[in-house]
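The two complexes that follow have chain A in common; it is paired with chain B in the first and with chain C in the second.
Up next, the complex of A and B:
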């Protein structure tokens, strides 16, 4: 079996349409309003939003394809590296356990999408998640996938769990809560292995954390996730703490996300000024 | 009477105004709105999908580009989405012009629950005009506004399967569902 599979070769049937971050950045339109009135500026996915059901369906589909790519990423880490010399057996065992969780999450997300009235492939699949899992250093993968990607999953699941809770959708609330518990474990695995493997290699640790920062910035693109109500997805501080992030790390992600939101708003204002 | 689509050419999205016009003309014929002057203004600067009507001569329908978009191929137009969105808004126009909906609140005064019952009434009728509709999507939307319970589902069924309701009847079905769930 081939090692180090490029993102272009991921197996998908004709229902899926994959897009890259470049495709997304090429879209000059924006859902972010530059109106400063609180009622207009809130984009958080909550039931009181007028388009709540459709926004939740879109996010649910994003979760579904994210779970597929997380499964593929963890699976590749089990296979791409030589046991012992490149990756400890116990790390691979953790990745195998994660594959088991992600496969279950794919099924749960698929059923939740049915429940919410979405079809597989109704929305584009952004492949940025798997791209973060293509590094040739397992430590960078742990930083990019387990800490950045699964960290984002914690934020997303918390937002969806709260949506289900407020809307009275018990299926959504409970399913998201169970998946959230798994994600906290996955992030913890990444944090623990990152510290353990780079214990005596500060340069490698710095490189991994720098890579995580790059991935976090990608996932914050356009201000999709931040502590501001203007972002559709919130930053789940408490669950990130449980997953092994310290306060300083969470503050850095919060600042990064807010900066991405402000950057996007400035770009929107500029584009609107150019139009007028 | 005239039907017009603006803009004629698009910058941010790959939409076809002539195609939108053809779909609109077909739906206007189905819903008996041929005696109205209608202009469809598309806001292509946002991916959101809100729609709003201004009654006058012409009747102006404001639509954000997300309402016509193929979400699996961003910025590309979707024929089903265009048909469904135009169908929903044109049925609302038709309702608003009828005396049976004289008591309906203005759009800006509609509660989220009232929006949900009216949307359900529109898409239920659309589904009987050979237009493909994902029923589960609208059931989920209805449940989000009326609760996840049997009374809510019964109300949805009733509205979905109806063709000749007044605003007061719609409101009554909604009120009954809410009362039964409490």
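Up next, the complex of A and C:
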């Protein structure tokens, strides 16, 4: 088995359809683009939205494939690096633990997708998540995956938990609550290892934080996640704090996300003007 | 109420534990180091394979099992300093070059259509050898002096038995044709031959020698 598996070689059964980020943005059924006209005052996924079930199902499928890729990424970090010289033994133990957690998240996602009435493969799979786990520096993987991507998972699960709470869906609320606990643990692993490994290597730390901010921006999905009600997904400040983010780091993500939202609104306006 | 001053034997009548054991501290540490090396190699491989198997149920099982073997490696890692090895890396080694070759052969399959080979290597070869090595250690070490190792061995063995059953059932459900039976048995045979040369996961004498002149001997 090779070290460093390219994203194109992720093994899937025939139900899955893999697409790029651009394809995904063009899919009108996904939560990201669903009715995100600038005229809309609130775009947050809440039960009162007319397309709430569709948007929640699409988001759930996105979570499902994200969990598979998180499982695969953590597994690859156990394999791709030599224990000791390239990645500490204890870091690998954490990654193995994450494998088990993500495997349970895939199981939970399958049960929830059933519950919400969607099927495996009903929506496309965006593989950009695994790409963040392909760096040849384990610290960059932890920054990009555990801190940026799983930080987003904290935001998504918090939004879905609130959705379940408001909709009176205890099954959904229960599952999201448990997954949220695991994700806080995973983000904290990322925060702790980033600090520990780069303690005396400011250059490597900067590189990792830069990578994290690139991934954060990428996963802001054109304003999909921000503190504005115009974004389908909120920013879960309290849980991010538990996971080792300080106030300043959360503010940076909040600003980045709002800027991405404004950028997207301007782009939509431009596109509409071109059509008229 | 019984007289609290009445002398009692230190070992109750139902406590038949014995002091002598087959392993010195040094030999116990050597074996534990080999266990750690093998568990480490196994959890790394399981982690790497997750992305290469298309079967969703197998993918998730490998994820769960990857953690269990990492936990075993951690238990052995923590036991080494208690066995007077303050630098656990020194004993975290393959018992011989055949075991290194075994791990190379075990982890060779990568293509998505080779799930049977991946699972056979782990669940029909490697894990049964873990079970026998751990059982030998558990049954031959001192009940009293090496109790901490025995406690870990019991936890680990419970995992190994459960994982072996999971893996065996996955293999049986994946095999659908006689030629796939051949694939499984051929791969098993080729890996077993390397382990035969290795003498088991801790090298020669992994499970002792069953001959009258060797009774109780390790080499």
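In the analysis below, the second predicted complex is superposed on the first by the 259 of 276 C-alpha atoms of A that agree within 3 Å, B and C clash if a C-alpha of one lies under 4 Å from a C-alpha of the other, contacts with A are read in each partner's own complex, and residues count from 1 in each chain.
Basically, a residue touches a chain if its C-beta (ideal position, glycine included) is under 8 Å from a C-beta of that chain, and two chains touch if they have at least 3 such contacts.
No experiment lies behind these values; they were computed from the predicted model shown.
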item: Clash or fit, chain B versus chain C on superposed chain A; value: fit
item: Touching partner for A:213 - first (chain B), second (chain C), both, neither; value: neither
item: Degrees between the directions from chain A toward chain B and toward chain C, using C-alpha centres, nearest 10; value: 120
item: Which superposed partner A:114 touches (first chain B, second chain C, both, neither); value: first
item: Touched partner set for A:48, first chain B, second chain C, both or neither; value: first
item: Smallest separation in angstrom, by C-alpha atoms, between chain B and chain C in the superposition; value: 18
item: Chain C-contacting residues of chain A that also contact chain B; value: none
item: For the chain A and chain C complex, residues of the former touching the latter; value: 1-2, 5, 9-13, 68, 71-72, 74-80, 83-84, 89, 92-93, 95-97, 99-100, 102-104, 106-107, 120, 130
item: Chain A partner contacts - residues on chain C that touch it in the complex; value: 40, 43-56, 59-64, 66-71, 73-74, 77, 89, 107-110, 112
item: Chain B contact footprint on chain A (complex, rising order); value: 16-17, 19, 23-24, 27-31, 47-48, 50-54, 57-58, 114-119, 121-124, 167-170, 271-272, 275
item: Sites on chain B touched by chain A in the complex; value: 12-13, 44-50, 65, 71-75, 112, 115, 134-141, 143-144, 147-148
